[in-house]
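Several structures are given next for inspection.
Here come two complexes built around subunit A, the first alongside subunit B, the second alongside subunit C.
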Partner chain A sequence: MKCKLMLDRYLQMKNWIKITLVFAFLMFNLAGMAQKQRFPKPEFGTGYSQPTPVTPEPRALALEYTDVVVLLIVLSLASWFAIRKRSRKGLLWLSVFTLLYFGFYRNGCICSIGSIQNVSLTLFDPGYAISITTLLFFLLPLIFTLYFGRTFCAGACPLGAMQDLLIIKPLSLPEWLRKTLGVIPYLYLTFAILFAATGTDFIICRYDPFVGIFRMDAEFHMVVLGIAFILMGMFVARPYCRFLCPYGVLLNWMSRFSKYHLSITPAACIQCKLCSDSCPFDAIDYPTDEKQSKNTKWGVNRFLVYALLIPLWIFIGGFAGSKAHTWISKANPTVYLAELLLSKPEVRNDQKNLDVQAFLSSGKSLETLVKEATVIRQKFYSGGWIAGGFIGLVIGMTLLGQVVYRKKNDYQPHKGNCFSCGRCMNFCPVKK
Partner chain B sequence: MKNKGIVFFLIILAVVIVAVVAIDFNASKPDKQPANPYAFNVDPFSRIDTALILFKESRDLAISFSEPTGISFRGDELFVVGDQKMQIIEPTGKLMNEVSFDQKPTCVYASAEKIFVGFRKSITILSRDGVKIADWNSFSDSTVITSIAEKSGIVFVADAGKRIIRKFSFDGKAQGEIEGKSGNDQIHGFIIPSPYFDLAFNTDGELWVVNPGKHSLENYTVDGKLRTWWQASSIKIEGFSGCCNPAHFAFLPDGSFITSEKGLIRIKTYKPSGEFSGVVAAPSKFTENGHAPDLAIDNQGNIYALDADKKMLRLFVKK
Partner chain C sequence: MENNNKKSRRDFIRSGTRLSILLTLGAVGGIAAKHLTAEKYVWQIDPFKCTQCGRCATSCVMTPSAVKCIHAFNLCGYCDLCGGYLKPDANKRSTAAEDQLCPTAAIARKFIEEPYFEYVINEDLCIGCAKCVKGCTSFGNGSLHLQIIHKRCLNCNECSIARLCPSQAISRVKASKAYNVKGSFTKDSKV
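== the complex of A and B ==
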């Protein structure tokens, strides 16, 4: 009893230390925002000539390859810790290294999550060539996941590491909420690919909530975003990974087919239920209820109806996407500028509108701009069909998943959702 | 419900996340760009409490200059330079005399017998009736003459380009320089980031010099030793702000300072001790981002401000 009390106190104290550290870190990020300017400004020259702006040299190729080698080593170690060594501690320290190296040292770039956009752009824009490093950052985690599950999430992703280390009091979310929020990554992935393929924006990078913290130079609203995710992550474990990460969608698919995947127990499950509450990500599947399996006829009928509805979902999604393309394409700066200049010609006289003034001083005619915008809008139309169709497919498959019955006898990690963090292994009394 | 507080907190965070993304996505459009975040807004400092305004504008004299640059008062006459000329004007506005030059003057000083007209790197000496007596051209290329004053036969010339005060005898012989530096840490030297470097003698015959980079007024002996100084760094009404203020100054008959500032244009008065007394003219009187008015003061303590933007001489008298 006394031991339990002491343990509770220790855990409480540990949580308070974590909270204090998090707030100290956040305050550090907010510091230094005040700046003083001089008014009026000096008029005399100082003899100092402003250097001509120089485009920085790209990172040395050898260092880029070093990043790939580091990723390879980290992925290998993460897989080894998760599958063979079964060491939660090993994964924890590995994620600390990842946070320091890929997060704070490499400033969150290069990043496998963002590489989705580079791959998309290189597929749709013949003028853009992806670097071999970026391609490897995209492919290596997927290949590893296909063999070992999402060990990338466990130890090689700086965003995951950041959130994982700050979990304090994880709440278990109800299944309906998890399923509903679980659709968001598919939407995010769809829009990320659509925007990248049309050369509109790299929204994954733009809304990376932690990159500003890694670089210590985020704009105020991005600091707010990062802080909001960190605070949320204290109670909803890894909110970005579970309910936003577009790369997580691909990893989820790969992991479902993984050859070797982390298991809670190294031998036969003794149904002790000790692991049942160990996963902060609600990624443990419980043994199925026998009663549920008896009502099979009704389940088969529903399965058939839902399966037949999938093509309809795809069509509805595609149709809606194609109809929405005009509105969505306004996210593209060229399309928006062309529309703005056509609908409000007086904006040409607005000297404060830097985008308009930059266009006017470029010497490009409005006709050329409109032609470019039309081509982009056409891409959005085709993309709208594909993207909408994909979202329709996701909705159809999600509904179908509700009626698919899979018999489970033991407590098992959900192969798609499990981050292979290894927390559950520590709770299993079976050690060999 | 368990963990009610945490759930409520999480909902707020979710709203914040959605709001930040939505606002940012929408705000980046060409016609929805936020205001320049680097703009330095001095509007709050341009509003002056009317109780602090001790002078009123009594008269404006239109002047025929496109770019007036300097003013001086002696006897009952005003000496105004600018463009490529000097005009001698009565306080009523009546033009008495006009002298032309082949370059633009930067400043003017009228002594009891002579008129000293400063150019960028030369000085022309005229008699009081406008006849040229001499030219002083022995200045370096980096010289920028911004102010002239005379006392006991020694002419003091503020050289903003070289950041020194040059001394000359009446016949143009160099008598030395004042650098405003010494072994004493209190004297830094003149910090002149812009061509605004004024000097003047008060009614007690003491030489005062603006050190605009330090926002200070410094009193030197004629041989260049610092006697005393006062400093007022602040963008608030009590002080001077920016790279180089005050741009010009002059003395009232009781020894009080009248200062004129650039950037946020305002004319103020300080006691002989350097303590802020009040305002002569608030920023609202002047053109935004205009020129600091050069100052001249008549024997009754009326203040003439040369408004280069409105091209007029503005007379301020005590309320």
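== the complex of A and C ==
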């Protein structure tokens, strides 16, 4: 037994010596290469002309600015169609154009949804330069929405256009389900910002279900996801926009305070109920039932309780986020690698683990790596508090929203959830 | 009258909020503007950091990958026994398929004069697997190396190969210097 152990150790040592020797040989060679080539270029006797490597230039910068101009035009047109012209047809054709241009021609990239990550990264990492195009793609739709409602969703978003054009038989979802699923975009936004700000990953781009369709090429699981969303979207209208889109969260906030917004009727509502079936997104608020809102005393108490619970929700969320930070931070490749090397030192001998082998051959010390990983993990800790607290706030506000009754006399679009697609306008019998 | 008051108050709150949101957006834009660049950035491989792991062939969102092998002819030794072209256990120095390292036979070997051969990459066949690069770098001058071909690259917001590259060899470079072709790009000229 002992003998075998000794033998093992000897073999291991031999292995190490071998590796060291190979390294030394390689280092020697590399040092030599820096000075002169191993095989000098020959002098050709015959008239040989040497070709040059082909390096086609990237897409011109001017074309990137064209994208911004196109976005500006599409946004203006969409707002005009929704508010002044009141034309569903115009919005429909505009979304076809958007689908073709921003979708299939630009391959779904650049897009405003993904720009959230670039903006967060540049806010937290001074070393990351953001391009003017990206910043404008982030800001322009938000500013437009602040004035005209979510016309971006109606006409200028290729993802929205794709789903909107494929609605076949929209089902109406119960309110509790909509409210519950409506929390997901907040989660997605929070994680997207957390991962982008820590320089870990751009999850919005990576898990974009439609980008694979735009570029007609994707990994298998993304194809499955994309097709699933399209099939779902035939019956649950715009599933991505309503229950996933992180940019939609921001647009929702903007739209609630928008100066102008699409209205169902051009004049006074005659309460005919015709529009109520037209909206595939359940975004039309019905007039409040007087009988239902009678019991006010109880409502006030509930409101107070829910409002007072919000700080608690924030604390619970933040606490959970900070507790989970170790686990979440493993998504970062540096943290993951450092942890792997510390917890399983034998992985150094695993020739198949490319990340470990590349790290070992890079000459970087484990100490430096661990130091880097610690800094990143620290970011995740503070980020975990903020992200968790924000999610807590969202949960608290969603619950609070359940007990707030706002008196409504007419059928009105819900300013936050309405995509300004204009379907309801066609259904309204009031013309002028 | 009372109704009107209520309405104007609501309008006041709404426009106040709108203004503060606008200011917030302005602040975000302003801070981001500090790191603003008028330059376009594209993804590119640093051939001196590349460890030829082979992920470029499999991780790109494009099939085949937008990463291709580039031949810096200036650095090539025009060897007959080419470490990038021939398998280490090749039977003979020929163009026979079983002797070639490249899985798609994307390298064309052409006789120039005794004893020199020229090696040209067929970009349409190349899948960016870096097998030839590995061979050339370990046994030859390292004139074969990988580059992202910008005609094919979609310039994704986050390069999916860069995320998985074990040696962090892919980074954003200025579009005015979109290629790191060995020879003109040296180890010291790194940005």
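Here is the rule we use: the second predicted complex is superposed on the first by the 373 of 432 C-alpha atoms of A that agree within 3 Å, B and C clash if a C-alpha of one lies under 4 Å from a C-alpha of the other, contacts with A are read in each partner's own complex, and residues count from 1 in each chain.
The working rule: a contact is a pair of C-beta atoms (placed from the backbone, for glycine too) under 8 Å apart; a residue touches a chain by one contact, two chains touch by 3 or more.
This structure is a prediction, so every number in the text was calculated from the model and none was measured.
Shared-chain residue A:His414: touches no atom of subunit B or subunit C. Ranked by how many residues of subunit A each touches, subunit B and subunit C are led by C.
When the two structures are aligned on the shared chain, A:Gln117 is found in touch with subunit C, with no touch to subunit B. When the two complexes are overlaid on their common chain A, residue A:Asp355 makes contact with subunit B and with subunit C alike. In the overlay built on the shared chain, the residue A:Val224 is in contact with subunit B alone; subunit C does not reach it.
Judged by the touch definition given at the top, the superposed model places A:Arg302 against neither subunit B nor subunit C. Look at A:Pro333: by the touch rule set out above, it reaches both subunit B and subunit C. Residue contacts after overlaying the shared chain place A:Lys179 against neither subunit B nor subunit C.
When the two structures are aligned on the shared chain, A:Phe44 is found in touch with subunit B and with subunit C.
Looking at the shared chain after the overlay, A:Lys85 reaches neither subunit B nor subunit C. In the superposition on chain A, subunit A positions 37-42, 44, 206, 333, 354-355 are in contact with subunit B in one complex as well as with subunit C in the other.
If you check the complex, the residues on subunit A that touch subunit C are 33-34, 37-42, 44-46, 48, 50-59, 61, 64, 107, 109-110, 114, 117-119, 122-123, 126, 128-132, 135, 139, 142-143, 146, 201-202, 205-206, 215, 217-219, 253-254, 257-259, 333, 354-355, 357-359, 361-362. On subunit B, the positions that touch subunit A within their shared complex are 3, 6-7, 9-10, 13-14, 16-17, 20-21, 23-25, 29-31, 33, 36, 38, 40, 42, 160-161, 192-195, 235, 241-245, 262-264.
Listing the residues of subunit C that touch subunit A in their complex gives 14-15, 17-18, 21-22, 25, 28-29, 31-42, 51, 53, 55, 61-63, 70-79, 112-113, 116, 118, 120, 123, 140-142, 147, 149-151, 153-158, 160, 163, 166-167, 175, 178-179, 181, 187. By the touch criterion given at the top, residues 37-44, 169, 171, 206-207, 221-222, 224-225, 228-229, 231-232, 235-236, 330-331, 333, 336-337, 340, 344, 347, 352-356 of subunit A touch subunit B in their complex.
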